[in-house]
Amino acid sequence: MAKHTGRGIAAIEYPTGMNQNGDPSQCWIKVKPDGRIDVFAGTADIGNGSKTIQSQIVAETIGVPYDWITYDNSNTDSSPVCTGTFASRATFVAGKAAEKAALQVKQKILEIAGKEMEIDPADLEIVDGEVIAKGAPQTKLGVGDVAAAATWGHGELITGTGAQLKPYAAIIDPETGEVDLPPHSAISYASCAAEVEVDDETGEVRVTRLQQCYDVGRALNPSHVEGQIEGGAMMGLGLGILENCYPYYPSVEHRGGAFGSYLAPGMEDMPQIDTIMIENPSADGPYGAKGIGEMANNPQPPAIAAAVYDAVGVWVTELPITPERVLRALEAKAEPTREGKKVVFDEELSVNAVSSGGMRFEVPA
Amino acid sequence: MKVVGARIPRYDGVAHVTGRTTYVDDVSVPGTLWAKALRSPHHHAGITKLDTSKAESMPGVHAVITWKDVPLLEYGHLSALGIPADEPLLAKDEVRYLGQPIALVAAESEALASAAVDAIEVGFEERPALFDIRQAFDSESPKIHQWGNWYPHFEGEMDVRQIRKGDIDRAFEEADTIVQGVYRPAAIEHAPIETQVCQVVPEPNGRLTIYSCTQALYFSLGVVAAHLQQPLNRFKLVGGTTGGGFGGKVDTATETMTCLLVMKANKPVKWRWTREEEFLCSSTRAPWHMELATAVTKDGWILGQKMLTLHDSGAYSRFSPYGLTKHSFHHTGAYSIPNLHFDGYVVYTNRTPTTAMRGFGVTSVSFAVETHMNRIANELGLDPIEIRLKNANRIGDTSPNGIAYTDPSTVETIQAIAQAIGHELPADYRTMTNEPRTGELLPEHLVSQVGSTEGH
Amino acid sequence: MNLTVNGVAHEVSGSELAPLLDVLREELGSMGAKAGCHQGGCGSCTVLVDGEPRRSCLLPAGYADGTQITTVEGLGAPEDLMPIQQAFVHYYAAQCGFCTSGMMLAAQAYLDRGGTDDPEAIQHALAGHVCRCTGYSKIIDAVAATARGDSFDLTTTAVGKHTTMANGGPE
Amino acid sequence: MAVASVASDAATEILMPGSEDEAIAAFGDGTEVVVVGGGTIVVPDMTYRRLRPAKALMLGNAGLSGIETDGSRVTIGAMTPVQALVDLKAPLGPCASNVADLEIRSQGTVGGNLCAGEGYEAPRGDLQGAFLALGATARSAAEGDVTEEPLEDFLAKRRERLLLSVSFDEPAAGAFAGLDRPHTHDYTALAVSGARAHDGTLRLAATGAGSWGARLPSAEAAAGDPAAAGEAALQDVTPHDDALASAWYRTKVLPVLVRRVLAELKESA
């Protein structure tokens, strides 16, 4: 038995929000007579933390404690439009709508507090649930008192609405792909180093360590961001060495219909995962956030492929890197075809290998 | 800044750990019927017979629906953008993948619903099925749809997504080395622990309350309303709490059909997919086929890249055209490549339709471009970290569609990983930043691609 | 069949071969155990049967006759969380939450049999439980901290074990 | 298609014997009887309507559980949970601990594992190889007649008889080598068990190289030369394709596992 270790790296980029934009999210907020805040949005929480993150944004923006917030994304009667939780957009796009709605609420609280306190609202701020005169912190009025005054005294409902929509970036030249506007919101970046152990007799690959660095824009809740990155790392590990709907691809035979035959990563597949977060704020996300939920499973597969090459000297370019693929590659010991300045790998996989008509991949030389 | 940036516990954390979070399957409405689907047993076949009368007459069976019951049979995932649809909600005269729904039954128990499905009489005429995307791509292969095997509705009714930038021929001519490779990541199951599920309850005022695990309440609301040709407020989607999604629960896979059953039975109906249905019939991440040829200089500059991408959409296009477009916009990865020639096709096969999944369109790029980059470094005998830093996106460099990057952090993230693994970098690489290219980092071939970041 | 669920006795008729999961959810309205696969493959339906963790989708209800069954609702209520529940909150060990009840019950059983904070032992004990969201590491941290007898501040969450915040982040 | 429903079938007659004798009587000649050990195989097969038995014989209260040692002779009741074996010596202990995860091992039984029908997607019967390598005997009943015979003979007719217990002599040395399988909700793709008896007899057996466990007599005969034994093992089995591994891969790796088992046996000698 011979086990070999190897390390490989990869660096990636990924856009936040829907490609080409044009995807609205909206939010509305009302304030109860005791100052507690009800947030309504249509952003599903699929584990991605919509409820938590948008509540944090609203609490921070208005200036009240987090536990004053109730967040209701439960139905389409009470919530305004949200395109949905996908495309790494829930924090960035829907969170921005929540921030905008909260700013309106804050402004209304300050206006009514100004009347109550007989101070210009511009000279007031909200800190930890209290409206405070700037420079004279002993002059203050609780947000609950302001909300009560609005309800019973001024006959007003304190509300705020926010809508976030970046215009759709159209492709104006389908020949070249030229667009009329930037087609992305923010772009985030990451790199990854993977360490593996490869058994050259059975072809088994174990990922032993993943070191990863993500530019998260701003970690609105670092524990949450870690969870996204760690969860993504395991999904990336699955993509790299385990998961495949069609084990005999392109054949559809023996497709697994159970967790016993479809290999989703389990706890014992876990490598050590080290995370470095860089905060390089986005220009227009809420508090500088970027969306990193999706990209979190992108850098591992190529880093693992390079680590396998480092360990046993073969490139496996069909995922996942199964024991069988490693053994077949070790057996074939394929070298690229070298002709002139061309170095051609994987000829047997190319469309050219099966083409009967004119559909070939031609490369100028 | 006390709340933002703080490690606040999850809003739903206590509910999760006490079993109080209510998922769709936990909603218990008395008298709810169970739904079950008749699914295609063939990868590709004509439907020669469909007779539901025996199933309908079984005691305890309250509704059976087929394509005839759907007001607008075809409404696509991208129809809201004005793009023609290609997938019927229920198969009409042809099935194009194994597991495609043909009819649904609502009955008083799950076992009875299954028995009623078995009682539906259906006949098929098998047709050849295509699974190898390279063969499906070939213009001489049998056709899966009448218009062929290529998705035909990109801008200008083109059947290919193109990117063209710079002068690709010159780049390959001037290259010292051209490295070619083929990259094929697999189809992946989203496998959230909660399977596809919905429950629809008829309200006394004629509205339908739809308990849904959708990732996108309003998107799904629009899809249901369009198929059923009803105003949006006929329906109340209740959800927002989803047991994992990863892209697969944007599909609105259950809601519309369950509404149709409810409208027929006038009773609440639940449709919960089994894990086996989830694995075998729900959409997957696509298998991709990517061919790359990269023109490089011996000191590691990337002059140009030619790429062919085939995106396996399975039997119907769903979100695949969106995914391929996103793929094309990001097909250079984290690097500035001045000369590009990209052709991408959404190709139909007789696989389960593929859809969005975490990293949609770009997970494939990351694998192809990064593995290729490691091969290039290896071929040239260069350090894989240094070659990346050299070609990394910087402020003012332009994307494949000519948009200037405003604040990329490729350089910084790579430097951080180099440091973490103890990889010693030469001083000029260690001190690099993302500032606009000058001097040695702005060779002649990169000058023309630099754009303006103003107004972005 | 006599099933005592979270201390409440129930008399249940029906097939002894029906999965306990279906009896709990559909006959007794106890929704804590989740139906993730009905194949024994995911662990989200795990309950304690006389204190032992069992996949309720695999266990014939007849085999639970006369036993004490604990579902997630039988751990602490929201105002009276058990240490393992507090740990899952403090360590941010749940995301979508669908695997959480099964995961916690398996963890509680591990702790009840004297399990330590050794990560490998925890991984081995919970190995058959699939979580698609978290990547497991925060779950292991939560179980380990509970095994150590830590107390948990529920107003905040723990700093990730292997995290570095670069360029002036909040930590 | 085979995507069936999650539904229990009320039509099945349930038999729950309270002793071994009652179990033997209830089993009768086995016609239309599906035997339920822990339920880990039968229950999901019924849920997915792959199995709709007329009668189900549930053995949970029939006794039949426990490990007894009489000198060097070990007897394991059919209803003993797989988990009870994990601390036994190789090959049985490591083989048992490689089965599924703790919860399933604690519910699934030795008898259920040994008598499992072919899996519809992957091989079942992970323990078969280990018991075959130990030269185990099976005590079983049908039509009231109780007999004990070599496990191999029993396995060939396991649908017609009710397994009561398995017995074997503690080996002088044992070894187990399986494919690394960290995601435990997964069957063994391929494993080899080996044991040397006190009289020097060497037995090797494989699980996962074919539909159920198989002795590797050609490999045993060539055991003096591990490389040759590994290749010889391929004459004894017909590897298959399934969701976990291809026949090609199993053919490549079976010799490796045989060599590893022989090396481990040599070390422990």
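As written, the chain order gives the labels A, B, C and D, with residue 1 at the start of each chain.
Everything below uses one rule, namely that contacts are C-beta pairs under 8 Å (C-beta built on N, C-alpha and C of every residue); 3 or more make two chains touch, one makes a residue touch a chain.
The structure presented is a predicted model; accordingly, all values stated were derived computationally and were not measured.
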Comparison of B-D and C-D by number of C-beta pairs in contact, larger one: C-D
Whole-Å gap between the CA centroids of subunit B and subunit D: 42
Subunit A and subunit C: spacing of chain centres that average the CA atoms, whole Å: 27
Gap in Å, rounded to a whole number, between the CA centres of subunit B and subunit A: 15
In subunit A, residues with contacts to at least two other chains: 45-47, 49, 213, 219, 222-224, 232, 235, 255-260, 262, 264, 266, 268, 274, 276, 278, 280
Multi-partner residues of subunit C (each touching 2 or more other chains): 35, 37-39, 41-42, 92, 95-97, 124, 127-133, 157-159, 166, 169-170
Junction residues of subunit B, two or more chains touched: 5-10, 12, 98, 191-192, 242-246, 272, 274-276, 280, 416
Chain-level touch network, classified as line, ring, star, complete or other: complete
In the complex with subunit B, residue positions of subunit C that touch it: 25, 29, 31-32, 34-39, 41-42, 44, 71-73, 75-78, 81, 85, 88-90, 92, 94-101, 104, 130-133, 154-159, 166, 169-170
Subunit B - residues contacting subunit D, complex: 36, 39-41, 98-99, 109-111, 113-114, 117, 272, 274, 276-277, 280-281
Contact footprint of subunit D on subunit A as seen in their complex: 1, 199, 201-204, 206, 242, 247-248, 253-266, 268-269, 323-324, 327
Subunit D-touching residues of subunit C, taken from the complex the two chains share: 14-19, 22, 35, 38-43, 46, 52-55, 57-60, 62-63, 106, 124-125, 127-130
In the complex with subunit C, residue positions of subunit D that touch it: 6, 8-10, 12, 14, 16, 36, 38-40, 42-44, 46-48, 56, 58, 60, 100-104, 106-107, 182-185
